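The two complexes that follow have chain A in common; it is paired with chain B in the first and with chain C in the second.
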Partner chain A sequence: MITEVNEKEYEALDHSVPMLIEFYSKTCGPCKMLAFVLKDIAKQKPDFPIYIIDFDENRELKERLGVKGFPTMLFFKDGKEVSRLEGLKQKPAIIKAIEAIA
Partner chain B sequence: MSQKVRYISEDHLITRQNRAEKAFLAAFKAEQPTFAAPKVVVNPYLINPLCALVMFTTPTAVAPTLTVHGKRYERENLTHTFKAATEHFLPVLGLYEDFANTVTVSLPGGETTTLTIRTGTLPEGVCRCLNVQASLDYLGDDIMFLTPAGKNLPVAYDYKGDIRWMLTENTMFDIKRMKNGNIVTGSSRFCHMPYNSTGMIEINLLGKIYKEFRMPGNYHHDHFEMEDGNLLALTQDFFRETVEDMCVLIDRNTGEILKTWDYRKVLPMDVGGSGSQDAHDWFHNNAVWYDKKTHSLTLSGRHQDAVINIDYETGDLNWVIGDPEGWPQEMVDKYFFKPVGDLSKFDWQYEQHACVICPNGDVMCFDNGQYRAKSKEKYIENRNNFSRGVRYRIDTEKMEIEQVWQYGKERGQEFFSPYICNVEYYDEGHYMIHSGGIGREDGYAAKALGPFLDAEAPNVELRSITVEEKDGVVLYQLETEGNFYRAEKLPLYHGGDNLVLGDGQLLGSLEVTEEFDTVPETEEVFALPPSFHNLLIEEDEDRFVFHGRFEKGTLAMLCLENEKESHHYFLNTSATWHLAMCSGAFLEKDERDLKIHVSKLGLNGVFKLKLIINDKKYQTGVTICCS
Partner chain C sequence: MENSYDVIIVGAGPAGMTAAIYAIRANMKVLMLDRLSPGGAIINTNEIENYTGAGKLTGAELAIKMFEHTQELGVEFDYRTVIDLIDEGEWKIVVCEEDDAVYQAKAVILATGTVPRRLGVPGEDQWAGSGISWCAICDGAQYRDKEVVVIGGGNSAVEESIYLAGICTKLTIVTMFDLTADPKACDQLRKMPNVTIYPYQDVLEFTGEDRLTGVRFKSTKEDATERYVTCDGVFEYIGFQASSAAFARLGILDRTGCIEADARMRTKVPGIFGAGDITVKHLRQIVTACSDGAVAANSAASYVESLKQ
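Let's look at the complex of A and B:
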């Protein structure tokens, strides 16, 4: 399931569950492509939460999480970042990272 | 809205040269030209306008002597005697441009035929000599070959600065003469940004390609001929996240990769970074040298300010020459050298190029000196910096290093090249120092690398300065327009076969281009894309190159489709910042322009080429044939 959140909504999430947070930009071709990739993954793993955050509109949060560019995917487990993928990736790499935390 | 797609289908240059050779050989056979009236073909292999081929038959086998007459006086004549034969195919090299060249051919019996070979003007963008300090006494028959670092072309200058050889193909990176007299240099065929071409080409100086050695990880920067003729070449694996961190050994006859060295196995990637390092291009290998005495490879890594030596068999690290700041202490203790001797004259090398092992084991390189420090707060500005050739003596038992020679520090920013360049060892005390990457802005060393400067601007100068020094005395200096990757001094003719007839070969293989397994949902429209995208598709025998213009943030994908299958290739329209640009040959002026190469390896059939732009899938009207 893919849900767009802002900084405030991000804070309110239940961080105890494994999740994927993706920072994207509306001005980024690879981010647009990644949206289709994540959509495919969401179909394959409908129970795994995927949250997308606008890089340009949530600057404080991206700085706090050390996100320097877009797209960036952060994989969280028990509230802690376990791994991150920077740039556009294909399904197998993302699924591998998800399966490592789920 | 106007719509247009340009499409060019052209055979590989080898195929075109094979065809051209067959045509002039057929004419030769039909005409049977005599010594008195030989057949002359100017630029027989299509890419060297300053050469010709003289063909004739003689009743008995004789060894003809060919002379290309100097422009000014007899002492400038270039003369070469060929092997005895009855059918003669004599390469004429070193013609002057836009000139009625006098060429004589003489036979041992004293008969002489005099020819006039007229050449045209060279392409407008050819870089000209600005100053040359040289003499015939010093240079003899040698001329200075310079290989391009941008969209300029490979050229060679004589002692007066006249261009006597050039190719109209932008062959790239290193140029070296092999033991058989042929030249091996980089192919001009684009594969991957920023400057990766399909592989290396083995050519003669007429421009005939004998072999193209294609490599799945492409070729960049440097190669080295082994004793058995096989070639070391620098490459990478495009299916991983890092680049310019592998070397391969290539079979000279088959193009097969025989051995691979992966530096990720011996070096940490996140330490000792130079000012240009990033995670992607962490080492930036720009030179390789094999040393028989120690059976080892010496490799220059610009982005770790390090010249490293690894065991040929195992690939294990033997030593590292470089400023140890920022490296783990256990590595410093084990692999790094301690400077000794006159430390007031000692400098480490930074962002160096072109490592050379001297006969006595000393190590030379071109110390570009970019940043000239390991930590940001100590970085030296280019206008206060210097570049130089340097020679270090190393003691691998005591792990001590002494600087025994340098040239260039005293010239300061005027000789400063933040990228490219090389040194050559000729003999003890006799060296070449090629500072080919000089860029000046408002009279100062520019902040940016040459390919990023606007060479058309009146306050910008791109220069290349090549110096030869013997026993501390400068005997040669060539200053040209433009930036040139490396210099190599060679005679035009050599003692081996200067021309071997027969078909050129395309060896090795390209990669199977990575496909994208997710396809965006789009609406297919039966129209060409808007002309803004300026589409150009160049199809070759073994791949095609797609060129297009896209605003940043556009979703774009290439699709190859037929009734049975489809293949998809993502086009990255994001802005890309390159920290290194050792050749700007493939760099576009408009940052919205992108190009992607798709290898035909792994594809079979005829495919319609379509293009996804955001939410629409357009037709291009182009079909790609892969068999």
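Let's look at the complex of A and C:
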């Protein structure tokens, strides 16, 4: 399931659960196309939480997580970042990263 | 075989998506594959102003419209990286990297496009598509009355520089060798008052914080002088590479790796067609890619029908 969150909502998430956090920008073409890929992944893995965060509107959070550009995908397990993918990536690479934490 | 189709289209850029639309409307059973996402090269283009009837929109917006069009018509789509295409006469075997997936089709349209050759220096990935562009026709207008750097000295670099120098306040050319384009074009460029050329240079990095602000480069001559030029935008023209490695064994590529196709987009292998930027052509634009896709799908449909007779 894909849910958009802001910084405050991100803090309130249950971080013990494996999750994918994606930082995107409204003006970024590859981010828009990644949305297609993530939608497809969400269909395939409906129980896996995917959270998307607006890079431009959540600058403090992206600084704290060391996110420098967009799109950036962070894969979390037990509240810790296990891996990250930067840029538009192939669906199998994203699935592989999800399966490594789920 | 479960994974059997009339037509498989490899690549979901404008050429592939248009081919899909034409093929499915010709009552073909169609599968479209792409390794990354629908859209192809246009997703990196900020503004498109030359696609007839579309007005001004971003590459991603156009890509989404095109993809939705294919989905409304029921085109089957999947994310796959095609690593081999085997010609078995009536059937073409499409081999994918993921899960060893294999499909077969009576006709295959190859529309995997090209990728610009990149420098691979710091800052390039960060500003790609928002400061660094590979298409002056597409993105040049946004740099009117601004300062631009062009990387490269071949025909594309010089031709696009002449265009850009006409709209920008200052144009700097940084190239690994001297200008290698047609002498007449080089002379024309050299005479333009707002153009500075730095030959025999290695680009070191692109710099900026919120936006691209400059390029650092170094002479390849003995003095190895390092320079920094401020700019609002960069255009890279150091060549392109056709995304055609998977099809090399078919003998349908020219020496640059592009697919050789005739006016009906047929390659020399019956049942295999090329469309869009991957083919040998003069003008690589969305509108010409779409045209190729339509022609290729029409030819593919005729070919599939001919097999029934």
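Heads up, the rule we're going with is that the second predicted complex is superposed on the first by the 102 of 102 C-alpha atoms of A that agree within 3 Å, B and C clash if a C-alpha of one lies under 4 Å from a C-alpha of the other, contacts with A are read in each partner's own complex, and residues count from 1 in each chain.
Keep this in mind: a residue touches a chain if its C-beta (ideal position, glycine included) is under 8 Å from a C-beta of that chain, and two chains touch if they have at least 3 such contacts.
Bear in mind the structure is a predicted one, so any value in this text is a computation, not a measurement.
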item	value
Joint occupancy of chain A by chain B and chain C, clash or fit	clash
Touching partner for A:E63 - first (chain B), second (chain C), both, neither	neither
Which superposed partner A:K26 touches (first chain B, second chain C, both, neither)	first
Partner chain(s) touched by A:E4 [first = chain B, second = chain C, both, neither]	neither
Contacts of A:Q90 with chain B and chain C, given as first, second, both or neither	both
Contact breadth on chain A, by residue count: chain C or chain B	C
Chain B versus chain C as contact partner of A:E99, first or second or both or neither	neither
Selected from 44-52, 134-142, 422-430 or 512-520: the stretch of chain B that, after superposition, runs into chain C	512-520
Where chain A meets both chain C and chain B, residue numbers	27-30, 32-33, 36-37, 40, 88, 90-91
Chain C contact footprint on chain A (complex, rising order)	27-30, 32-34, 36-37, 40, 68-69, 86-92
Interface residues, chain A side, partner chain B - complex	25-30, 32-33, 36-37, 40, 88, 90-91
Chain A contact footprint on chain C (complex, rising order)	35-39, 42-46, 58-61, 63-64, 67, 79, 81, 97-98, 125-126, 129-130
Chain A-touching residues of chain B, taken from the complex the two chains share	516-521, 550, 552-557, 570-574, 614
